[in-house]
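Order of writing sets the chain letters: A, B, C and D. Residues in each chain are counted from 1.
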Amino acid sequence: MDEFEIERLDEATLDAPVLVEGLPGVGHVGKLAAEHLLEEFDATLVARLYSEHFPPQVTVEDGRSQLACLEFHAVPETDMLVLTGDHQAQDTVGHYRLTDRILDVAAEHGVERVFALGGVPTGELIEEYGVIAAASDDGLRDELDPLVEFREDEPAGGIVGVSGLLLGLGERRDLPAACLMGETSGYLVDPKSARAVLEVLQTILDFDVGYDSLEERAEEMEEVVKKIQEMEQGQAPSDDDLRYIG
Amino acid sequence: MDEFEIERLDEATLDAPVLVEGLPGVGHVGKLAAEHLLEEFDATLVARLYSEHFPPQVTVEDGRSQLACLEFHAVPETDMLVLTGDHQAQDTVGHYRLTDRILDVAAEHGVERVFALGGVPTGELIEEYGVIAAASDDGLRDELDPLVEFREDEPAGGIVGVSGLLLGLGERRDLPAACLMGETSGYLVDPKSARAVLEVLQTILDFDVGYDSLEERAEEMEEVVKKIQEMEQGQAPSDDDLRYIG
Amino acid sequence: MDEFEIERLDEATLDAPVLVEGLPGVGHVGKLAAEHLLEEFDATLVARLYSEHFPPQVTVEDGRSQLACLEFHAVPETDMLVLTGDHQAQDTVGHYRLTDRILDVAAEHGVERVFALGGVPTGELIEEYGVIAAASDDGLRDELDPLVEFREDEPAGGIVGVSGLLLGLGERRDLPAACLMGETSGYLVDPKSARAVLEVLQTILDFDVGYDSLEERAEEMEEVVKKIQEMEQGQAPSDDDLRYIG
Amino acid sequence: MDEFEIERLDEATLDAPVLVEGLPGVGHVGKLAAEHLLEEFDATLVARLYSEHFPPQVTVEDGRSQLACLEFHAVPETDMLVLTGDHQAQDTVGHYRLTDRILDVAAEHGVERVFALGGVPTGELIEEYGVIAAASDDGLRDELDPLVEFREDEPAGGIVGVSGLLLGLGERRDLPAACLMGETSGYLVDPKSARAVLEVLQTILDFDVGYDSLEERAEEMEEVVKKIQEMEQGQAPSDDDLRYIG
């Protein structure tokens, strides 16, 4: 296996598509959001990306192994190329090179803009879900301005990992990229934050999507939050409750 | 020394052989199982694999040094190529490249299928020893089905290291591979788990092997478990007892 | 992106310039000192240096992203090429290669000498601010002798990171280099130490610079020190106070 | 700078020389022993070895910087090439490649055998100082047999770092290599252990050397040991005392 391997599985015709990235991160917000799009729309798995920079492992589902990889799905209804997966690169130079390969695959599919989805940790449970943003060029920044918050000091420490590098390396390729980050406590997998991010995305890209399944997960999460609060007063959580600890 | 060096020590004629891997891992189950095969059958050391990705060290036995390596033994009686050793690669890209070199050596010997042996930690001492499995293709999965358990959520976190990559990279070479994992506490070197795994392997590959030496080690382990329980009530273990802590 | 990318943004004419380095380190002394020079003099951003050895991230300012990089500013008034940034390389070989690229950019601009600015930790709050030094050749050492302290056992452990390698690799290129290190507690971002270092530099390089803004920051820092001492007697610090913890 | 740079500083004529290695390790035994040889005999610095695998730093002595390196001294009186330094490689592959470069320099000087000097930790303060050994070939093992101890289970965990790899990679080049390890507590820099190792070496290589300076350091160390014992009964050690903590 080479440093990177791209397994091309299917064709898809997308019109001036957008790359939507949802890899694991704070609160798994980006991951939940991207996976929700794949549940709600018809999606075709078009490519898998393998790398010796990923953790050396296979995941197992129903007895079948799958080598660590990222997946690209084409969603024709919304002209999206959606990137999901369970891993980030395990070493510094690997992050840069991985993101360059992701942008190569995006270029092959004619991607014209990139949206990286993620979370920004507040450090505490919240009621209102703002979405902050960053963009790699002024044009995209202006387009986002009415829909998101640009905060002077956030995200503190910048944006780390593939999401940040999609902006940094996208800019070097004249490919406009933005990162949408939903506020989240950082302690839980957060479906409400994922919804907040998707609501901004659907306005920018002008598509409709339902939120029933995310809403269900949000209600489950509220139950867990209640139990955490009860736990802090003495009662132990069940395994089901623990499923939401991100 | 190059990134990998293969030292070819002897020839062996194997018929449609199987690669059996037993490197260090959970409970040392795979290592014990593979070493048991080498004790019970006539085996010829056919190759050593060195790498700058291994820990920078030599082991010492009776005053003679041996550079860190993996060993391939040919077992003609059962048409196996058995892989043993004391090390996994020390860095991420090293794991992927090491496993590719292992599969190259296997290909040189005409290997047609791969069995990676290991343990899956239960987190507690157990009485019954189940064996769970994963396979890189459907054919091999179906063949294993009556003999093992395929559990939906296990192994949690997938299969890490050479064992997992033998499945992931084997699949890329159209080389069917399976991982057999014996349940084990994870706290002790576990000869009972090694036996459970070998019993599945001997059914799949249709060979006979005795278990007396593993049985002796199992009895010693039970003594240690008893002493741990006594220890938790106040008595200190001897050095002999501690030999079984994996 | 290659291992290193140099983005050339502007031209500048410098006469027999000096490279002045102020990357993050102990007490942020070098960083404060270099940034102070850029505030006090007209400076032109001439180049950015990107690398896959930097943390995989973008910083965000007012909604615009900037890929991790180092910056070179030309300061014609003092014939300096000033190097600033927020990152050191993240791996060992990266440090050596990064410093070689920095020296390449310096050579492009005709740099004849190098001054690395930093701090040496005393481990306690201090009143007097000495400056110790090290040089890569005897000529430069003799020139510094009346202005700094050369202490037999300091800095203990040598000089680590880009500052140290500018001396080590500068020597290999026959480029005289010195490191000026202001004493500092190591617990705080230290504007007084930065001033002490700049006062030595201005004598060596014969330039004038005001210190009002550094003085303001020094007064703020003294307030923080007072509050830390009060805190040790029971009162909690505000967020403003915490701004000075380096 | 390349991955490795060899700076050749002087010539020396050695007859069938031996490489004697004393890099930092357990109790600094090897380092003390090698440095003692350089104090007692006329020695010429013949080469420095630099590497991007070393810590990215310079050491500073009397205001002059020196880039991290290993040093080779020729000692004609005993036909030795003595290797000293303050660093081991900082990453796994670096260790292997560094040791190969060391053996290249040794080969340039016609080295016929290698002696790596080090310590083996006992975990407690000791009265008698045994020397255990390992060799890369049987001939050298037999030669050492009357002078050292070959213990079945020691050193536990093998020999790590350059010392171990000199045996492992020396064997691959048909260059006989042995490691002599003096017993030491592991808590202190140990001149007594260094002396024990040198006494074995002088018998093997048939040379004479005085031990006065090592004896002085040994007496200082005994004072420290006494103070540690007193400390455990309540009295604090001075900085001088702490000099011996390795």
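As a working rule, a residue touches a chain if its C-beta (ideal position, glycine included) is under 8 Å from a C-beta of that chain, and two chains touch if they have at least 3 such contacts.
What you see is a predicted model; the values in this text were computed from it and never measured.
The chains touching chain A as well as chain C do not exist; no chain touches both.
Of all the chains, the one whose CA centre sits at the greatest distance from that of chain A is D. Per the C-alpha superposition, chain C sits rotated 90 degrees relative to chain D, a value rounded to a multiple of 5. As for how the two copies chain B and chain D face one another, under half of their interface residue numbers coincide. Inter-chain spacing, taken between the CA centroids of chain B and chain D, is 37 Å. One finds 52 Å separating the Cα centroids of chain B and chain C. Looking at chain C, one finds that residues 91 touch two or more other chains. Interchain contacts (touch definition given at top) occur between A-B, A-C, B-D, C-D.
By the touch criterion stated above, chain D contacts chain B in their complex at residues 89, 91-93, 95-97, 99-100, 133-138, 141, 144-145, 150, 152, 154-155, 157-162, 164-165, 167-169, 171-172, 177, 179. Against chain D, the residues of chain B that register as touching in their complex are 1, 3, 5, 52-68, 90-91, 94.
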